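First comes the structure, then the notes that go with it.
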């Protein structure tokens, strides 16, 4: 019930003041004891809740997956281990596991992918984070172009694929070490660049902190940054931006 | 000349091989000695070059403003001092200066503002950064709703203006101190949130670094971050996203 | 109007559904353009809003002081400059300025101070922060015992005043440099210790960050920490705790 | 013997000067070779000593548990491993182990829990730290309300349980990632908020340091912070505050 | 084909404009799906591509080694594990593995080593990083003098070998802990010193960050720094400098 | 009165129990309102209290100087400004001010200087900190050898003065930038080296933090570190060590 | 006298053993009281001593300039103020001051500049640091090509001047903000790149620390880094490398 | 041979000039291939070389131990593993291993221990580091008083053992967490305090960095700091100081 519906029922005496007070306080979540499933999220955001699998027990995952799958007919889990996949597989024969992206997925068979984003990586070691971004965006109905291993130590590799990147509604730039690719991309495209620093590197890379600082200080326009290794977050944002670009 | 045009002239012998080599290397900028004006930028990005005034001499500013104003009929300068304004004013009677946002502006009189973004601040001290974002986005033709002083220490102030914020194509969240407002907004809206940490605060705020870390670690989806006090960058990004949302 | 009152008026048709919707969204603040005065705060927290003067214009301060003074009959301003004091004094003859604590104050003449907290400093240079804490707590009706210059480089000074400190409902421990006094106090008293790191020190004191880390890592029980130089915050918390201890 | 008693016996010659000197120097601890049990603590603080189990050998734990249990009839151990539990269980059949909170406990059967504190978490991964806080406070005789998984990415979950939180004598706010929940709570309640940053998160969460900085910089009043993952410390403080609020 | 060749073929109609456009965009790399082999590198830099083995699968390594070995007749791999060595050995009987330097190598039998660089370490624990530098430089045809365990805690050890160090075209200074050797060397030689901080040390060595800061702040002239433990990078640079010094 | 004397008077009834209790609590300091002069310090440490002048008002300084000078016949003040000197001079005609060391001093005319310490600096910019150390040690009766501008970028300068340094009871090593001199000295002498990082440097010197880290990580034995620019602390320590070496 | 000469005179009895001992200890510096002029430096390094003017008194500068100018017939001073220039000018009519590079210089009129290095900047604000590098290298007889304002936000500007950069014996890359230009250059040239982070930027640029980290983590080969804003150090290194490349 | 002896032999023609040159360059170390044993150390420092076992192979350790044991009749090894002990034991039946201090030792049976130092710890978890300090000092002939578990959370435990601590020639203060004990000790004793931060703690203890900062910022006089967990370094320094105090 919306606030308006509640008030209308109060006005028509279909609802007591006390009951209305309780309903106004009640909100869109389902209490599961250890977690509050945010069932209102789809209405608010347009995207259903995604399951962050890391640290959850198999029993918890089974319940949450069943609940969302029952409601939505599809479900996406991030940061999942192979062991979690094996525990869930008997219950969901249609479950897929993308090992390097650590993603568990059941997806509606007829999903349409529209618009276009580009996901770029500086090196091959950045690909798992990029795949998390790409698969997330695809789950939310986005068409994704992958442009991998085009970092700045050999800038010609990036320039040769420039046209594909420039035609995307949003570019996800995934890079570790010094993270310079995000700035170069920001100077070459007209649409937003979402930069994802990765923990790839050693020594003074500080587990990705150096790349994060590089990207935050970008001298190029149109670059914003998400957390280190947060492929999911970048994919989500890119899907939001793509949705704005393609909606009618 | 585009690459295609150059090649066609070579093919038709209108251009020598040597001349074509030189032209292929030549690029879209104008050499000004101390700076290379990026005259190709508008073609690449859709937005003309903006002048970062900080540290530039009055003579340099005068030349750059003249050059861009002559070409574009309008010009935007950020991080400008009042002294710079006073030095330029005799040359450009139509020049405006927004003191708290430190912006210098000459704008086409008939500019249309379309779409909608929301610029929110946590406190009153964050307003100068927010104004830099808002004025930048407006310069690029964006309609802007300002929602100021709605930080989380009194969350009811934000909730009461939620509808306005939820209807924007992009939300710019400007906050210093602990920067928590960005996460709260991220949980409430369906479109991207661009978070701008500010250097407002003292002690362990570390001149904005704490707010930056808060925002980068946001538990909410759809939040990306720009540099501390970088209102311009956030406004630019929001204008990019809004442009995608309203284009035909 | 409370939610219950609104609903009752809806039920009795004294209020339309539309009007009720608007009222439910409307919240306890007063729009002042540049700021939203949190008029609901006293109901929520039991303490009226305090004015953070730093960076506010004289005109803004005048308006806010007038508004709060009119409503509450008293007002407290923190981080105020002498210039701000001089600008406000003509309008409020009863205004007091405590220079080292940077506090502006108009207070009800008959204020009762109850309970007891102790405010301790390690050195004399920590006294301005301590005074901010003490004056804040006193403004909120707390009795305050000051125990200054009792840092650990001469522990006998602290031990000789121990009884006073042990009898307080809450101890505020203000220390810069290495900040060790908070741990020593935590080991000696039965009630909470609110530790305030100060920016007193040089070199590796990192403007108070070292003292903050010392206090956060305290091996003693019952110690919690507020921001560097945040005497106001410590005084507020101590007043909250004292209020719990003395209420009926 | 108190100092007064010693002096009275000296005055009455029941005690020699030398003996009195020795007694004045002697203090409230029991030498165990590897540790000095602080038997004076209960007199000083009102709470008996709690055993920090991490890194202690089974033999050491057995001795310390026996000693405290003999004296107090109950004992609390924090940061205990399952292996430590298994080693102690044969000696203490009534010993309980709370695995996710890593707490070992023998408790008087008839313990009364009075007053009320609220322990809130932002996510499910923060629950172990929250349970350490809650179980500690309960051991010290406090009534605890648990409000879990109410972080700011879905603020309606917190708002729907607000009344419970507002009625507590003290609120413990446990949050990792960006830690924004502490500020939101600080703006909504009248009693102290003890914020516990957790090491939950990844990338720029810096193992909890980001959440700690968020909480230390809180723009809300009445928030103080303890060490990362220090549920015990928060529970202890909350029990102190609650004790002040309920004592006669 | 070079740009000149392409243009000449366009001019002579041997190439269509469209084809020429494609060729101009095409660049010197070979697409391998997961990686873009930079086949243009040798032309640009004079040194063939080196394989960073860390994190690559055995299948990927096999393909890349085959490809480079086929083209160049030799190949160098850094940060290789013994397991990777064992997986590749059956395919390349001539493959060598230097375990402490973690280097895999197949080298032309008749390689000439010219010029001279010196690689110095402060302690024995720095030798693996130094060997990575020395072997890299040797692979690129450089003569290398090793001067190990000559750190500043016994400066006479360094002084006794000074002549050898002073006669080198470039000195690589490898040191952990406080990294002071780089400055001492910088003050004693006439040619460039490439400083490599190592992660050797404990406590406040911060995994090499302290040594890096020491070296970056060197009061001596002619010292530049590479990443922590980056022996490869230092060897590469030293080989570049040596090449300049010996070329005709 | 000592504890023994108090107890004997109690035993002989010369003192009441209450009076004795008060005396036992009373300690060796003199209350001055804003400060507690630690009059017991000389008994405890053998050195009289030194005045940290920074931030003290002229009136406070006048009182403290008068008090100590009256008691001790001499006084040392550190971190003093020229203005403070000028304010005190009319009251103490014998007052001396060492401007670069920022030291105020009145000293007994016949002071004997015994033993020997060496104070070394890496550069000329480190001399003010070194002078603070040297003058402090001299005030406490130590003979001081100054060895300035012998940093590691020209190690021969240090080696040529080695004998003087090696014969000292303690070496104070004052260095900014990378601070390598402390390690070199530690490897060359048999007695303790007290290292003082200075804030001399720029960029990544981080105001002395880099030198501090260098010194803390020293690979040489017998090196301990004090705070950045803390010449006073190093001089004090060196005087303590020298006193041990020369005492009868 | 060299060691060999000393020994030969001892052998021929032209020198006593004691005198020889003294001479062996005596080293190549001139004692000036406050400084030890390193007169041996030119022999060791091939370059005469350069004067770091910052913080030196006018009298000290006058003495040092006179001494070096007398010996070498030229002198270079870095980090000099205009006031220092004005104080020295009356004594040295031929003295030049380059204000933005803060360099004082008297140079032999017939200096030959050989070889070639390139000095590149990312933006116009980096030019002062670049000029310090260029002027230093020129003082040491190097030919310098300046390529300014070619940062990665408009990569075409850099690519259009690539040939000049690729033909240099050494490239100095001067960049602030995110410092990405160093990596792009490293990937494009065959000779060493000396990267100079600058303090240009704001917010999370951390006064150049972010650019330093970017450059240290460079994914490109052949890049080494000097201190923030250390144009002098980079120019010195480039001159060393160029000297190796052009010597006979 | 000393320099004097060499020169005398040259003078008497017992030595050729060439041979003398070589001997002057030759220094007091023994080349072992992977290491340079510093055989001159005992002459320079008065203490024989101590073996840092961490990371050394068993074969290296066997050689080094044999060499030193043969020369000195005793040997001390730090940071040794049990496996290293087991590998060496068959060769040295008299070898002892102190497991918690990780020390390997063969010691002359009749060693006299003179003077007195005190080694204090804040908690029981700091004891391994303290034992490394105590055993090192004892190996160098120092008498050691151990005062363990006297941290500031129960200051009476420290005060009750104060006399023992005050009578020591040097106090080693070993503490983790917030490290406050060092300052308290510094205020209570007359001789030097060597502070050792330990990595004991969690969360914001930053593996000992917080304790290090606390100790470096100590407000007490006479406190200097060594690296985190560096018990060996503190024991060495304390032995140096004690040696000065007891020598005749």
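Labels A, B, C, D, E, F, G and H are assigned to the chains in the order they are written; within every chain, residues are numbered from 1.
Everything that follows uses one rule, which is that a residue touches a chain if its C-beta (ideal position, glycine included) is under 8 Å from a C-beta of that chain, and two chains touch if they have at least 3 such contacts.
Given the structure is predicted, the values throughout are model-derived calculations rather than measurements.
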Mutual neighbours - chains that touch subunit A and subunit D alike: B, C
Copies subunit C and subunit B - interface residue numbers shared by over half, same or different: different
From subunit A, the most remote chain by mean C-alpha position: F
Most widely separated chain from subunit D, with each centre as the mean of CA atoms: G
Approximate Å spacing (C-alpha centroids) for the pair subunit F, subunit G: 38
Where subunit H touches two or more other chains at once, by residue number: 153-154, 187-188, 203-205, 209, 212, 216-218, 221, 227
Chain-chain contacts as defined at top: A-B, A-C, A-D, A-E, A-G, B-C, B-D, B-E, B-G, C-D, C-F, C-H, D-F, D-H, E-F, E-G, E-H, F-G, F-H, G-H
Of all residues in subunit H, those that touch subunit C in their complex: 122-123, 151-155, 177-180, 183-184, 186-188, 201, 203-206, 209-211, 213-221
Contact set on subunit C toward subunit B in their complex: 25-29, 34-36, 38, 40-41, 55-56, 60, 197, 199, 207-209, 212, 227-230
Of all residues in subunit D, those that touch subunit A in their complex: 124-125, 127, 148-150, 153-154, 156-157, 159-160, 202-205
Subunit A partner contacts - residues on subunit C that touch it in the complex: 3-4, 7-8, 10-11, 13, 17, 20-21, 24
In the complex, subunit C residues that touch subunit D: 44-47, 50, 169, 187-192, 194, 212, 216-218, 221-227, 233-234, 236-237, 240-241, 244-245, 247
